[in-house]
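The structure's right below; bear with me while I get my questions together.
As written, the chains take the letters A, B, C, D and E, and residue 1 is the first residue of each chain.
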Amino acid sequence: MFKLGSKLWYGLAAFGFLAAFVYAGASGHHAVGMETFVGAISLGYKGRVGDHLGYAVLVSLGFVSLFVGIVLSALRDADPEAAAQVVGLDTVPAVEAPRTASFWPLVGAFSLAALALGLAVDKLFFVVGLVGLAITVVEWAVRNWADRATGDPEVNRAIRHRLMFPVEIPGIALVGIGLFVLLISRVLLALPEVGSSIVFGLVPVAVLAVGALVALKPKVSSTLVAVLMLVGGMAILAGGIAAGIKGERKIEKHVTQHQGLNVQLHPGAPQGGKVGG
Amino acid sequence: MRRLRSLTDIAAPSTTEAGIPVAVPDGESHGLSHATSTGISNEKLAMWCFLGSECLLFGGLISTYLLYKDKAVRGPKPHELYAIPFTSVSSFVLLMSSLTMVLAVSAIQRGDQRALRAWIATTALLGATFISGQVYEFSVFLKEGMGFTTNAASSAFFTLTGFHGVHVTIGIVMLLSVLVLSLRGRLPQERAEAVEIVGLYWHFVDVVWILIFTVVYLIK
Amino acid sequence: MTDATATAIPHDAHGDVGVTAHHTPSDGHYVRVALFLAVATALEVILSYTALHGIALLVPLLVVMAIKFVIVASHFMHLRFDDKLLSKIFYTGLLLATGVYIAALSSLHVFAGK
Amino acid sequence: MLGGRLRRLAPLAGAVVLLASGCAKKAPQTTLSPKGPEARTIANLINPVFLVAGVVFVLVLGGALFVAIKFRARDDDDFDAFPAQVHGNFKLEIGWTIVPAIILAVIGALTVSTIFTLSKKPVAGALHVQVTGQQWWWEYRYDLNNDGKFDEIVTANDLVIPEGRQIALTITSRDVIHSWWAPALNGKKDAVPNHRSPLTIQADHTGEFIGQCTEYCGLSHAQMRIKVISVSADEFTKWADNQQKPAANPTEQAAVEGWKVFAGQCTSCHRVNGLKDPSAPTKDFAYPNVVNQRAGVVPNLTHLMSRTTFAGATFDLRKSDDSADGRYCKALGIHWADKPADLTRCLNRVDLEAWLLDPPGRKPMAPGPAMSPASRGMPNLHLTGQQIDYLIAYLSTLK
Amino acid sequence: MSTTDAALPALPSGEPPRTTRPGGVFARPQTDTGWRSWVTTVDHKKLGIMYGTAALFFFVIGGGEALLIRIQLATPNGKLLSADLYNQVFTMHGTTMIFLVVMPIGAAFMNYLIPLQIGARDVAFPRLNAFGFWCFLFGGVMLNSSWLLGHAPDGGWFNYAPNSGVIFSPTHGIDFWNMGLLITGIASLTGAINLIVTVLNMRAPGMTMMKMPVFTWMALVTQFLLLFAIPVLTSAQFLLMFDRLFGANFFKTAQGGDPLLWEHLFWIFGHPEVYIMILPAFGVVSEIIPVFARKPLFGYPFMVFSGIAIGFMGWGVWAHHMFASGIGPISVAAFSMSTMFIAVPTGVKILNWLATMWGGKLKFSSPMLFSIGLVTMFTIGGLSGVTHAVAPADTQQTDTYYIVAHFHYVLFGGALFGFVGGWYFWWPKAFGYALNDTLGKVHFWLMLIGFNLTFGPMHILGLQGMPRRTYTYKNGYGFNFWNMVSTIGAFVITVSFLVLAYNILASRRKARKAQGVGTGRLTMAADPWDGRSLEWMLPSPTPAHNFDEVPVVRSLDEFWHRKYGEEEDGRLVRIAATEDVVQKGTNTDVHLPSPSYWPIVLAFGLPFIGYGLIYSLWFAVLGGICVVGGIYGWVMEPSVDPDAGHHDPEPGATEPEPSGEAAADEEAALVD
């Protein structure tokens, strides 16, 4: 049902709306609050919207994309039989190499839109868009190529993995570590000094406890594990975001007395009375 | 035939060649490690050589720190800023990760995949926790006015602990790779040594921290 | 250097207490080692908070540190249970590092006046 | 084959002959003719070592030659008749482990005792001088009253010392590592920034001793020379008294013009002790407060004319550049300590003018973008010929 | 490479299987001819040859730089080079000769010979080996690219701080030096690990440590030195890099930085480094001399243990490069003593070589001449070394041409003489034809004379006080004559190497004609010199799989003892014809590690990270992707392509059975 083409459009639509929403708030000069929220949701009918032109363009983007997506879906996008019907062929064209579900179009659409948005709003969006686009191009290309490589989906998947895992595994691992580290360190920074040590001690204890539970009690159901992990993940995420909003605790600049090094300084430090250097 | 087999092999890895009864290069030797002249597998011997070599790398950085720890023309010196309780927790975290690492090795040696995964994941998370602590510590130091370029002592401090942090991070990536392999069923009991070798690296990173903690943090 | 021949001799442990190359210690053993290490670390921290200073602080700290180091290396890293060749290689590196760097630092007067 | 071997030895044989002849005149920087106790101590150590090395050299090379000739396979030999298969000889090998060890132990003992002899603290009556290397010249500061402060005399290029008296040098650097070396007096000592290294020298007699910076220190490492001038105690006192005087205001018209140029162009770096303001000749000159790392760490010019060389002892300040002894003006037949005033007539104007016209063109330097902290050396100030004439007139008053 | 003509089985999807490899990317390289075979090879022999070729290429560059130096210094006030250019030229000359010539020539010999001498199929980690080579090559190319990118390094080969800091060396030259050598350092480190494991683990049955050829022993010691010395340089280089690129304060003296830290770190590496350069050459001549003296090596155990002793003692002497730096009399005395005593084990080697020749039946073929050249010329250099070790004397000698004379005598007169002898010796084994002996002798005599003309006078110049690293000197210091002699000598050396170049081409042409093979493969007798160690058992050139059948070793000089027996009185008798004991090289059953793209991909990324750090981080991103992708691609790739030509299955062996849980080799190399 959801085939390649329509997905791209749905993605673009979703992004258009989201971007419009963000843009509405970001481009205003007022503090972001209920007003902006309502404004963005109500198409400016109620509440406040910042820059109207940009907002309108993005919302339109959303609507148009949504429309095209629906049309494509209705026309059974990329279905060979449908295609055959449309073109009026008697036989269905040869089966294409089997394809696996792909969410890359979605990501690509988001990235593209972020790119566009970035040009208007913030460099960050631009960079995110660029990176997203690059990833999409590579991943999508590889996948499409791999999907057609042989007639055997097993083999195709293997090929894809062989090419992409070398990049994906470390990439994802690094992003994961980065995220984890970022969140936890935000939490620690937000807490008072003693608190941070305590929380810092609690995290490993919790990790250890869960790890030990899973490892030592083979009876523990995988659902429980999944739930625990989910809860843990959510807790870290929430904590990190909350801490990020709250901001860091106040850290004083350290003042030091320097007796001065017994170093002969570089630019002709005065060396005594009688002789000018 | 030949070409296709390669592809199916990737999908369902299977083949190992019957061993030649002498030492053979590279991965070919796995499972045949007793065919080496010393009885130690190539990979393990290589890892130990590497660790021996790392001693001199870290030695150089630790010495640099010792030489410079009191050399600060401006800004605070590292040891004026240390929060020992916090760093003690860091040490504890890393120590415990060594424990979970060794338990992971022990698990795969028993063939207990579930425990293996649990312990590996725990180790990786503990490692990440350690890094979080380090990032936190660095941020605080920065706020307190001691950055990488502030003075000779601070440069030496950040370089040493930063190098260690990078080692830990590489270790985590290795652990996560092991985890993925295990989840994909590519890490049977016979391959326990692969985990053991990753473990060696991990423990080494821990051992270096033992040095850093005492020499850099505790000794003023 | 070991003088091993290529004819695979199963390398038995070298008379170590009840463990051989093929029978690594139990998990309980590891947990006990870890506990010991944790206690040693705590001891170090406590030491650093005592009134001790100078050489009186330095020596115990360094001793505990060395003990911790060796324990991790020999138990967690299995040096005790593995072929001695591995220990030789690793400790050669370690001792070389200790030697040259201490010599260099003393020639830079790092230890003077302390 | 033999011919080749002999031919190979020929240059070495020649070397020995040349070394023996020493030839200090032709080789002013030679390490082989010590002119002071420290250098002699070293020579007394190295000569026997050279001898031992020579003997080993002859034995090993001679041995190789002997073996090669004696045991060479002759064409008519039956190649399947093998020589006796000797696998080794434990006693012999232990022997040639121990014998060199003993020889070296002896050399080692001598070496160690010499090391400690040479690093003895200077005697009480020693003259203390601080030697500061910088790119690419040497600054000398004297501590005449022995108060630990090197503030009585500051000069450059020529290190003037009294003969027969021990000089305690403290060697350091302001930028990179240099090495101070006057081979006739002592071995080298590196000038390491943030380190102050002692070195004692002593000249047996009056005379000039040539040396050079020997630690690679960038562009003009080759032009960072050293000249030690040993003079009699009297002469030294005269010299020292003169050096401690501030500069007087110039009187001649050209020199006054030069003074103005100097105050305007040169004082952002150079210092002249007692310099007055040309527009208000009784007021002390207020040095411009420029942001320049090199300000004040370039040669002090107060007594420029009393020196025999300039710019890192690269150029002679006296016309008599073919004379090995720069203290005399050959053209006039006068001695600088007697009639310093007349020396201006003996000034090597050619090189000095060329220097002022384009310093980096005369000596490789990297003055860098105007006054930047990375500036190393003296920049081209684009002086006109007229300005240079005036400047030289002024500089000539700095006696 | 045999292909099967069995019918292709259908795929699960029912689609007929394709006969082409999908896309090509996954096709593991399989050729063993053509340029691609060189790019993707993991064969230690090919890599050895590549190391040698690249080193020769760099030798021409470094030699050209030497000639520039010599022309500049031929007369006083030389005008060929400016001070700035001269500084770059001597820096690059020293750096090139040491890191890109002598070390890799050593690596070439070790790569080629170690597996052969211990009876192994390849090194322990063939892909790592390939990776090492590419790191070396790309690092060297990156270093030299600085010539084209504005300014070459100008800090001298030991690059003392703070002269190498941004303030005093503001161009990117030093950054190139740093990055380039960090990358070649990776090559050395991986090579060290690889070869250590190879020697310890891959020995043929019966080959105990004390039955290994001396060359292999010296290589082992060398690799241990590399293993422990490289990281010291690496740490110093990181400090300098952080200083220059990220504003750290390690060597900024105004911030309290200590220039002596660099000196210590550099020389802690630097002195073991000089033994890294000489020990392989010692190993080479220890192989050559017995063959041409027709006697076993005198005192094998002493040779081995003196090598080990040199290796260990080499760690305790580094500060002899700092005698003038003001490190204080106690340090000076200690290092002075320790330095002198290195002459003891070295002397043992020299005298044992002479004793090997003593009573022998010396045949002066080219390899032997060069070996004797090493024994004598190195002794000269060693003796001047001992005169430096006398610290007070060294304060007169250091940084003069006397030092330049010393290290050229040990490096050129020692290492290079040995290596050139090794080329003549093993050339047939590697390339299937021998170099012309007469031309070889011409080469030797020209080189010996030119060498002594060039560097002999430098002793005199140094003692007369000529400082090194000066782009010019004045009239009137007595430097003129000997400098001119030295320059003439340098040209004689150049001619001698042109003779070698001619010899290589002419001998090959002649062999081609004689064998009538056109551009095809040359072959020749397995054992042209009546050799002693296992490599002479193999056909020349060595077949890809080395040994048809791994030999079981019973004694030192195993191959020799298969040919000759020793009677009671020590007289030799032939017990087998050479043809009967050499292998035919016809075995096709051998399963070899497969070629791979990943090593070169991975290594290719490294210089980009280097350029990135210097110019723009975007390059570094590219490089990083190469590196990370390379690592994982490598890890996931089986070291042996299951797909590669198995040739025929071993007689009796069945096709490998797919066993469900057996792991793929893919992760085998997780850590290699």
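Heads up, the rule we're going with is that a residue touches a chain if its C-beta (ideal position, glycine included) is under 8 Å from a C-beta of that chain, and two chains touch if they have at least 3 such contacts.
Quantities reported herein were computed from a predicted structural model and do not represent experimental measurements.
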| item | value |
| --- | --- |
| Intersection of the contact lists for chain B and chain C | E |
| Nearest-to-centre chain - CA centroid comparison | E |
| Chain of greatest Cα-centre distance to chain A | D |
| Centroid spacing, where centroids are CA-atom means, of chain C and chain D in whole angstrom | 52 |
| Centre-to-centre distance between chain E and chain D (centres being mean Cα positions), rounded to whole Å | 40 |
| Cα-centroid distance, chain A relative to chain C, in whole angstrom | 44 |
| Where chain A and chain D are represented by their mean Cα positions, the distance between them in whole Å | 66 |
| Numbers and ranges of chain D residues touching at least 2 other chains | 175, 193-194 |
| For chain C, residues contacting two or more additional chains | 2, 4-6, 85, 92-93, 96-97, 100, 104, 108 |
| Where chain B touches two or more other chains at once, by residue number | 7, 12, 22-23, 36-38, 40, 45, 49, 52-54, 56, 59-60, 67, 71-73, 85, 92, 96, 103, 177 |
| Contact set on chain E toward chain D in their complex | 82-84, 87, 154, 156, 160, 162-163, 167-170, 253, 256-260, 293-296, 298-302, 324-326, 328-329, 332-333, 336-337, 340-341, 343-345, 347-348, 350-352, 354-355, 357-364, 372, 375-376, 379-380, 383-384, 386-387, 389-400, 445, 448-449, 452-453, 456-457, 459-460, 463-473, 476-479, 485, 564, 566, 570-572, 574 |
| Chain E partner contacts - residues on chain C that touch it in the complex | 1-7, 85, 92-93, 96-97, 99-100, 103-104, 106-108 |
| Chain B-facing residues of chain C, complex | 2, 4-6, 8-11, 24, 26-27, 30-31, 33-34, 37-38, 41-42, 44-45, 47-49, 57-58, 61-62, 64-65, 68-69, 72-73, 75-78, 82-83, 85-86, 89-94, 96-98, 100-101, 104-105, 108, 110 |
| Residue numbers on chain E that touch chain B, as the complex places them | 3-4, 6, 8-9, 11, 17, 19-22, 26, 28, 120-127, 189, 192-194, 196-197, 200-205, 207, 227-232, 234-236, 238-239, 242-243, 246-250, 252, 254-258, 261, 265, 550, 590-591, 593, 632, 635, 638-643, 650, 653, 656, 658-672 |
| Of all residues in chain E, those that touch chain C in their complex | 200, 203-210, 224, 227-228, 232, 258, 260-261, 264-265, 268, 315-316, 318-319, 327-328, 331 |
